[in-house]
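Quick one: this structure, given as structure tokens, is what I'll be asking you about.
So that you can tell them apart, the chains are marked A, B, C and D in the order they are listed, and the count of residues begins at 1 in each.
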């Protein structure tokens, strides 16, 4: 418990004197843009992850709508083949790497430290660096639109079609380097978050007392930690081929193009789970809260999550059932893939069992969660039909697959994320989102989503291949494509309603001059609701001490002498006041953003001119040393914590 | 405690859910069974596709999926509606029974799906290996070569397995896979493009490979798909129960004109197939008609650096020497161009007339061998005619008709599409097309 | 590419080792020392996680090398003219005859450089021991020795590359060349990153700033350094000794 | 509450000792290094014996693994990894990743038929 009783050096709100640093002193601003650029606060970083993801969502969403417009009618000439190929590639890439993954990271960053009762993540500056390097990598990827066109190889960019001979523009280089850079952020982020979960939990919070969301974050980050390097290697091989004339995918030199597929999917399948598991964690918090019951079978929920993460490593070749890997491999991967349905099925049934016999408050967050359960089930079931390798030869690379993974990633993950936003919005921003707009959004999204992607099951089984710029009237795909296009516009509009809701609700809240919402507006269960909303900078005034799972709830409700649960206190009564006197917080820093900014310079240099690598590398080395030598800002701290500063004086 | 602001009971359109879902389900079944979908996977026309179709029913997978779907969907909605409380009037102390779990139940729903899946996987594994069974000796082998953005087929007519069994040990093995693609075929063997003609009722084994990037060969009503990977030789097979046209589509994303890389399989009855084969084994004739002869001259000047027409007279560039007489190279072999009903990667019809839409499966297989004759017969009751105008447009400016990267790669000598020929006059185009019409 | 990977490594390492003001990391309490859920240092945990991640990275690179080598030799033996053209005339026959690419390796030389890298692990661990005992002189000696041995190893690598290059094994000419240079080059980049960290520590040591309270920083750099050594143990056996 | 706090404090109070303190002696490190050097010498010698197949690569791999374990266990102090309730955290974090890497890439080899061909 001592871990939270920090040196009480700084009265909150006061800024420490900063030591001159040569280049930068630690930033002193308390408001404005600079606080965001230099923040090391996990909550601000989480919000920035979310904002960046929404920004990229708009790019990916516009691409999606362009695809749907193009496919609305047969023989359409809305987009050229060349541009269409870029659009669907970038849609997939942006949505996977720059939308779903960072929204997961947003929730993990914002919530996980609060849920484990920590004051921040283990390495706050690295956390900021992770965000900025992800964001700059994503921006760099998207600059390809203006620099000769986006990548055009599909989001998994199979070799040798990704080679310079078949894709001579720089699009795939941007895909490669941009994602490589974003991957650095994922990797450092995963190390950081795993360390936080494992090592910074509140006193008494054993691993089996941590909330399910935190567990899923842990599993997710382990998947990232171990999957990203495999993609990195694939990207290194590709970059070597494209930019430096290597031969890894040069068939004429005896290379085997399937190497790319193996490497990509060894990464890619864990990737799929690391996109869905955070949403599983989110609904595992929402459903118990609004069913007024604890999660059904907590250990099963945890272990099934671990099992999914673990089994995710043994099934990658089910993406390659038609690649010609041989019947033995196909059979082995079929069986392995089948059994992934078991832990996912356990989760679904446990969510239903949690609702069973509950007192269900059907608000927006809960509706989104229920929709996740049902829609993910649809995606899971079509997944089982893909796992049947023989039959998959009829389904893979058709719209049936497109339907499948959108049911998983949109109907599953994204619905969970939107539900999570409704649930935690008051915690992050201090005001409630409108339930009326929320429910409208929910129903529009459900209708739009199912109208968009439901017909794709039919289209796929009718034989419509994916990644088709156009189709012919004779194929008979017209009706359902038009339906999907109509659905996609409903879906696009309804997705943006979260922003509309945030704006309208905020205006109303301010106009009505209402105070910040209380600590615990939902009568919820986990530690983040035991502090004020919006969460104060320092999170917890003092260490929460945890004795059980859902500790906060058990402090509110206790059994009376008759064994009947009674509310002994409201959440607001129990909540920490949030005055945070004397809490020492890590000071903001310029170095994470500067260091992260140096990396894309190297990236552009690798693509365009190696000379540009030199200033990038110099800036990077300078930032690393600047970072390492940056003093702790609080001069009152005695002993070795101060020696950064002293050391700096001597060095500089 | 809850500050949810809803005053009214939340809107839960039971009617929508309870009506729309069955309707959607029915629509799925109906439209999947409709027979105007030439690529429909629910409409098997051959034993391999049939076994894939049956797999999902025999193993009970569709039923299990259906039951789980209904249980979770309606179970979830039912529980949500039945147990809901009105947040405006809900007393937070009115707590439900605080169940933490039920080990028996949870173990049961861990084990039960595992057992079901284990049973299903037995069926799947069996089918996987069934699909790999080769055809009988003496039946046809065809090599399928994917290329941006059309398909080449090489028929091992004499059955010596020349391209499948280089070391003559009767087995297609790794050593055979080292054979370069440019090797010439035996004189009896046949090379063609875009349309694969097979005998109905016979299993045709395919050897799949690619010249450039990964493609995937898929005739949905005959079998599932398999990728053609450069540098690798995969095996796959097709069998059509009845004569007919079966369309397909490249299904592995293969670059710019992926959407325009289509193909079809024409299954003919035995006699028709033999006639077709005998014709394909002939060399093309040097035309006597002056217009066509002029066309041949133009072809000799402009086209032979990519296209092969085997009439024994053409002089080809040096790097073609080893591949002539039969093999196509950078572009389709056109020796019997006029016998094919489609061209340009199966997106245009060479003939107009009943059922000639390239993407439609309505073409009557029994007229397939006579298309050329019918088109030249002004009294033809079926009114087939040579698609002269479209062909002229194609020859004049192919990249305008189909997205292509026409620049020739100096390293590989391969173009990735046909060049435009703006230098050809209208008259010359007429002559070229007239020449092509003689290639039957 | 290696620049970036290298820098990624630097970022994780240098930065992790310096970022010790995570809020929960200040040991201002009754007991002294770090207090974390597991009772372990955050930074050491992070370093081990990072090294776990590196296992997957080098695993993929080694696998790529082995697959490429196998494919390359198969093509050679099969007599694929394009593959044979891609390597110098004199070597091609030698390769085909041996069915291997081994003849170009200079095993005694590489054994020497492997030994040097192995030795640097010893000096590294001695440096850590010295710094935790506040033995300034030994700290400087062993850190310097480690950096020197690492640099010697790198010099050997560069020499080997130039020999190969002169023999005609170029990065772009063959699958084998690409795979070999990428694997060993990547390892070399990691070593270079380690040398930079060691030199930074050495500067601190000479400025009298490397005391036992920073033993953990030295240990972290040591973990990284030993890991790089371990990777070479694998590469040496798998790439060089087993044809 | 106070009672709970005390319990928790006790529960939390485990394993405060980091692994400092029981590091081996300098001599120990030299001995380990000597073993490593000998192993390397034997490896190189073995590769010169002209053996082929299993008798060549199996002993080499065994010696490689032995070196690996020695460096990780002794120089990287995994042998002295703090034992806390569920085991040795660093060892697990590293070994799990390592085993995963070995398993995954072995399967890749199997899929390429280079191991079992």
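Here is the rule we go by: contacts are C-beta pairs under 8 Å (C-beta built on N, C-alpha and C of every residue); 3 or more make two chains touch, one makes a residue touch a chain.
This structure is a prediction, so every number in the text was calculated from the model and none was measured.
S.K.: Going by the touch criterion at the top, tell me which pair is linked by more C-beta contacts: C-D or A-C.
M.R.: When the contacts at C-D and A-C are counted, A-C has more.
S.K.: Among the chains, which one keeps its Cα centre farthest from the Cα centre of chain D?
M.R.: That would be chain B.
S.K.: Roughly how far is chain B from chain D, going centre to centre by Cα mean, in whole Å?
M.R.: 51
S.K.: Taking the mean of the CA coordinates per chain, how far is chain C from chain D in Å?
M.R.: The mean C-alpha positions of chain C and chain D differ by 17 Å.
S.K.: Mind checking the centre-to-centre distance between chain A and chain C? Centres are C-alpha means, answer in whole Å.
M.R.: So the centre of chain A lies 32 Å away from the centre of chain C.
S.K.: Please tell me the distance, in whole Å, between the geometric centres of chain A and chain B computed from their C-alpha atoms.
M.R.: Taking the mean C-alpha position of each chain, the two centres sit 37 Å apart.
S.K.: List, in ascending order, every residue of chain B touching at least 2 other chains.
M.R.: Expected reply: no residues.
S.K.: Going by the contact rule already set, what residues in chain C reach two or more other chains?
M.R.: 31, 35, 37-38, 40, 45, 49, 52-53, 56, 60, 67, 75, 80
S.K.: Where does chain D touch two or more other chains at once, residue-wise?
M.R.: Those would be 12, 89, 97, 100, 104, 108, 112.
S.K.: What part of chain C is in contact with chain A in the complex they form?
M.R.: 1, 3-5, 7-8, 10-12, 14-26, 28-31, 35-38, 40, 42, 45-46, 49-50, 52-54, 56-57, 60-61, 64, 67-68, 71-72, 74-75, 80, 82-83, 86, 171-175, 177-179, 182, 186, 200, 203-204, 207, 209, 213-214
S.K.: If you look only at chain D, which of its residues touch chain C in the complex?
M.R.: Listed in rising order, the residues of chain D that touch chain C are 12, 14-18, 20, 23, 26, 29-30, 32-33, 36-37, 40, 43-44, 46-48, 56-57, 60-61, 63-64, 67-68, 71-72, 74-77, 82, 84, 89-90, 93-94, 96-98, 100-102, 104-105, 108-109, 112, 114.
S.K.: Quick check on the complex: what are the chain B residues that touch chain A?
M.R.: For chain B paired with chain A, touching residues are 1-6, 10-13, 24, 27-28, 31-32, 34, 36-42, 49, 51-52, 55-56, 59, 61-62, 65, 68-69, 72-73, 75-77, 79-80, 83-85, 87, 90, 92-102, 105-106, 109-110, 113-114, 117-118, 120-121, 124-125, 127-132, 148, 208, 212-214, 216, 218, 220, 223-227, 229-232, 234, 249-260, 347, 357-360, 403, 409, 411-412, 416.
S.K.: Provide the residue numbers of chain A that touch chain C in the complex, in ascending order.
M.R.: 2-7, 118-126, 129, 180-181, 184, 187-188, 190-192, 194-195, 198-201, 205, 225-230, 232-234, 236-237, 239-241, 243-248, 250, 252-256, 259, 263, 266, 584-586, 595, 599, 602-603, 606, 613, 617, 620-621, 624-625, 627-630, 632, 637, 640-641, 643-644, 646-647, 650-651
S.K.: Where on chain C is chain D touching in the complex?
M.R.: By the definition above, chain C touches chain D via 31, 33-35, 37-41, 44-45, 48-49, 51-53, 55-56, 58-60, 62-63, 66-67, 70, 107-108, 111, 114-115, 118-119, 121-122, 124-126, 129, 132, 215, 219, 222-223, 226-227, 229-230, 233-234, 236-238, 241-242.
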